[in-house]
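Both of the next two complexes hold chain A, though its partner changes from chain B to chain C.
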Partner chain A sequence: MEHVPEQIVVMEGVASSEHFLVGGEKPRRVLDDINLLIRSAEIWGINGTSLFEIKLLLEIMANIRPYDKGKCVLIERGMMRLKRVILKHVFYIGGSEMLYNNMNVLEFLMFAAAKSKINRVELQEEIFELIIAIGLGHLSLTPNYMLTKEEKAVITLIAAAFSDSLMIVFNLPKYVWDEVLIDAISKMTSFIKEKRKTLILATQNCLLIEKACSHTAITKNGLLIYSGTVENFRLSFDKVEVIIRDKAVESMKEKLTLLLPGYELDVKGGSLMISRKTSEVSDHGIIYKKIIESGFTPDSIEINSKTVQNAYEELIRQHDLQE
Partner chain B sequence: MIYKNSYFKKELRQAYMGNKISTNRKMTSALFLGLVSFALYFVFQTLQKSVLSDVVPEIMQASYFSTVYLYIHIAVVFNIIYFIVYYDYLFFSEIRKNSWYLLIQMGYRPMSMLVSKFAALMYSVLLIYTVGFAVTIILTFFLKYTFIAAYLPTLYLVGVGDLLLMTILSMTFSLYAKTVINGRYWTFLTAVIIFVMKITLGQYAIISNRVLMQNIFILFDLKLSLYWPVEAAAMLVCGLICLLRGKNLAKYYNLPSDSAIIPAGVNLVEIDSRTGRQKLISGKVKEGWRGRIVDTVTTLFLIAFICAALAFNVFIILINSSTPGQEVTIRGVIPFVFSTSTMEPEIMINDLAYFQKVDVQYPIVKGQIILFEENNVLFVERVIKAGNPLTVDIDNYPPMSQIGAMKKTVTRQAVHGLYCGRNRWLGALILFANTIVGRILFLLVPAVLIFYQGQIYKYFSKENT
Partner chain C sequence: MTPTRYTTQEQIEAMRQEILHEKEKLAGISSGKAPSESRLPHGRRALKTVSGAAFLALCLLLVWSIISIQITKGRGGIPNVLGFQVFAVESGSMEPTLEVGTMIVSRIPKDPGNLKVNQIVTFRTLSNAIVTHRIIEVINNNGSKAYRTKGDNPINSPDQDLLTPNRVIGVFFAKIPF
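So, the complex of A and B:
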């Protein structure tokens, strides 16, 4: 039986040779002291404050760009000295221009997967069913030139899923994902996991990370400030417990601040966010009681289901305060 | 429907969505090429009595040679335009767009793709050319010219040689062109290279001679021209370059520019940790200067073309509206389209002759050619006896006519100008401008360009970005 490597990416103290230079200031490494371990069949979402930082991180991972210091091992095989060279075990998606515009989606995927040993009829059935299953059935017969760049990227991801590469690097942090495509990528990740492949995607879309990824890593000012599971990230950093929606949120805030001294109250977009100050688990029942005590009857009270977006904002805020 | 495209079939489709559509378009293109050649032949026929008959008699003759000769040149022009428009689909820009990266990851072999791409393009080019060639011959058949089959294979071979060289040169250049717009410029350059090669290596002297062309082996006579050995060597070298360079390029992922995601006001530098040397990778200031140059050149070219076409039209209108006593004068010179052969060889039919405007005091001597008015009609004749009145006569009497019949006396008051030169090409251009095609080119095209200049500008700007 073929050995499937467990460790897909191992980065130890990796620093980029690229530096940011602002005016007369001292140059700052775009990436510095990056330590990251990505295992087989994990889905990673890499997020950060700078698009260039996260793009460069994935380029280094995919052997597209060299790094200055540290160690990076891909699929337990080391790293090629020669950069940008095509590696059979790494499928890098850094743009959406790989598709042929004179084909439709299904035709292109059949063309791309033509070298697989699966019978043509079965292959087309499998691809077609996959496109429908991920919610892009409406695109299956659309000519490629009519697709948006984001849709093209997802089609490229489908092709990559049919390749023999163990690691797919989806490095398009600038792309804007709508709900349909987020859903499609999220469903694609299940297919990718089934095939024991690893997907690493760069994005600033927290919803995409929440829906599609098992793990996430966050960079800020060239440093990795978080790496771990998405669930842990959400629970650790999203401290919002309850969201109250009402016309009189400002006066509610004043009153509840006195009643809930262990919580932080903040008005955002017409909603009152009640967040815990400590990392201890809080009791939603107590908060509810206090709201009732305050004499207000809000239009709605919602227990926050912990989002990556809130966790990300909190993490960045904490780091801003530290600086 | 089960999709079963191979890479070769995909290449045969070129820019079209379906194999059948592509084949139909190719056939239509071939038919179109034949018709265009035929139409152009008729346009040239309207310029029979012009400098063109002396300079390029090979396209002015009433023979199959002229129509087919025109066709092989139009085929080159058509293919260049086709290559430029569909550059993305036909050449190796797909390697730079990483389309091959995806296919290689999916199990395709670069060498097999290289050979397939080359074979498919050659096949398509030759198919269109051959069908168009046949269409041209069939259309010429209706003109009932004497059919001489001997020079047709030679002409066919000349066209095939040009197209093969142009295709392989364009393919080779596309491996080096980093952007599509540069690739298009290079593609245009291939046509220029072939044209220059044919002139400098004496190929045109052979192919424009319909007697020589009746022997196919004349093309390979090294005493007459080295064009074919040079062409064969160029094709061989380009073929090898394509294989080596293509295979090498296909090994790598092509990294697009990151300049769009670098934060504003920040420069990206690469610092060698051992030497401390800094190398600027990208800076916002450097961006877009090439694009601006192309924009400026495009705009200037459009403006120059529109202005030149309009100015030429104004010039033609002025010349055509000249009447005796109210001739158009430009800096004291009267331009006059001479439409008879009475002053040959000094002034040929349809030449644009220039006459220096003179007054009655200006001394006119024997042997000079003058422009004078008689009965409200302008004449051009040579002075055979000076004085007042002058005696004038024409240089060239038509056969069977009585010599001296046109001799007449002219008063000095009737003399409008003194001949000072001619331009044969401007004369031919004016003749052409007065044809329907000429009117379209010089009036309609600038009008359309003015109307759509915004869209044209946007198109080129989009191409740059």
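So, the complex of A and C:
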């Protein structure tokens, strides 16, 4: 049986060769002391305050950028600090111009999967039905030149899923994803996991991380400030328990502040967010009781389902306060 | 037809039908029915058999030629296929009939002692060089034949040495046009 490496990326104290030059200040490394472990069949969403940082991190992971300090092991192979070669085990997507414009989507994917040993007709059926299943049936026979760059990127991701590469690096943090494409990527990640491949994607879209990723890593000022599962991230950092929507949220906030001393109340976009101050699990029933006691009947009360967006904002806020 | 931005449901269904059709065809072949084969008319089937045999013969000839060329080359001889040899003209002595760089095909003569005037022959000179010139005279010398040869180029004079039949390699057969 073929040996499938368990550890796909191991980074220990990695620092980038690139520096930020800020006027009057000491130059700062773009990335410093990065420790990260990515295992087989995990889907990682790399987010951060700087697009350049996250793009560079993925470039180092794909072995196309040198690094200065530390150790980086890629698919159980040590990466030489100055060597810039994309290994055959890595499918790197750094742009959307990998598609041939004289083909349509299905033709291109058949071309990309040509090395596959599956019967051509069966392969064509599998690819075609997969495109439809991930919600991109409306693009299945569209000429490639008519696609947007984001659509092209997703098609390239499908090609990567059918390749021999164990690790897919989807390094397009500037791209703007709509719901259809987020859903398509999310469904593709299930397919990628089934094939025991690992996907690492760079994005600042929290919804994409929430829907598609099993793990996330967050960078800020060149440092990794979180790495772990998306679920843990949401539960640990999104402290908003209840969201109240009403016209009179401001007066409601004043009254509820007195009734809920263990909670923090914040008005955001016309909604009143009730967040816990501690890391303990709160009882939504108590909050509901206190709202009723206040004498208000809000238009809507919603128990927050814990989002990556809220967790991300909270994490960044905590780090801003520390600095 | 101008391609559209989005694939329609009709196009998707048509593609599905096409794939299904291909799958059925494939299933027919793998189960040994070979529907397309059995429906071939008798004449076409015969033609297919003949062309198959011809192709096989051609492949065998090619393999045999490669082997024979290698063997002959190994022995220091001039390679030939079915008695035909290919030479490249390296000098202008036969211009304008054969220009420099022309590829010619020569046939090994059945009887080198019975060649005629005007035939172009490829032969070894006494200094062992290979030359292609025209026979301009057949000389009978006490029962044994010899040939006087000359290049077609008007500036050439007849070759000094008479050509004896044992040094004849081939008789010009054709010029390869390119």
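We take it that the second predicted complex is superposed on the first by the 317 of 323 C-alpha atoms of A that agree within 3 Å, B and C clash if a C-alpha of one lies under 4 Å from a C-alpha of the other, contacts with A are read in each partner's own complex, and residues count from 1 in each chain.
Here is the rule we go by: contacts are C-beta pairs under 8 Å (C-beta built on N, C-alpha and C of every residue); 3 or more make two chains touch, one makes a residue touch a chain.
Quick caveat, the model's predicted, so the values are computed rather than measured.
Once the two structures are overlaid, the count of chain A residues touched is higher for B than for its counterpart among chain B and chain C.
In the superposition on chain A, contact is made by A:51 with chain B only, not with chain C. Once chain A of one complex is fitted onto chain A of the other, the partner contacts of A:169 are absent, as it touches neither chain B nor chain C.
Contacts of A:121 after superposition: both chain B and chain C are touched. In the superposition on chain A, contact of A:143 is made with both chain B and chain C. Once chain A of one complex is fitted onto chain A of the other, the partner contacts of A:132 are limited to chain C, with no touch recorded for chain B. Of the two partner chains, chain B is the only one that A:110 touches; chain C does not reach it. In the three-chain superposition model, chain A touches both chain B and chain C at residues 104, 106, 121, 124, 143.
Chain A meets chain B in the complex at residues 17-23, 27, 30, 50-52, 55, 59, 64-65, 68-69, 84-86, 88, 91-92, 94-95, 97-104, 106-107, 110-116, 120-121, 124, 143, 156, 159-160, 162-165, 173-174. Contacts from chain B toward chain A in the complex involve residues 2-6, 10, 13-17, 88-89, 94, 97-99, 101-108, 250-256, 258, 260-263, 265-273, 278, 281.
Taken in their complex, chain A has these residues touching chain C: 104, 106, 119, 121-122, 124-125, 128, 132, 137-143, 146. Per the touch definition, chain C reaches chain A in the complex via residues 3-7, 11-12, 15-16, 19, 22-23, 26.
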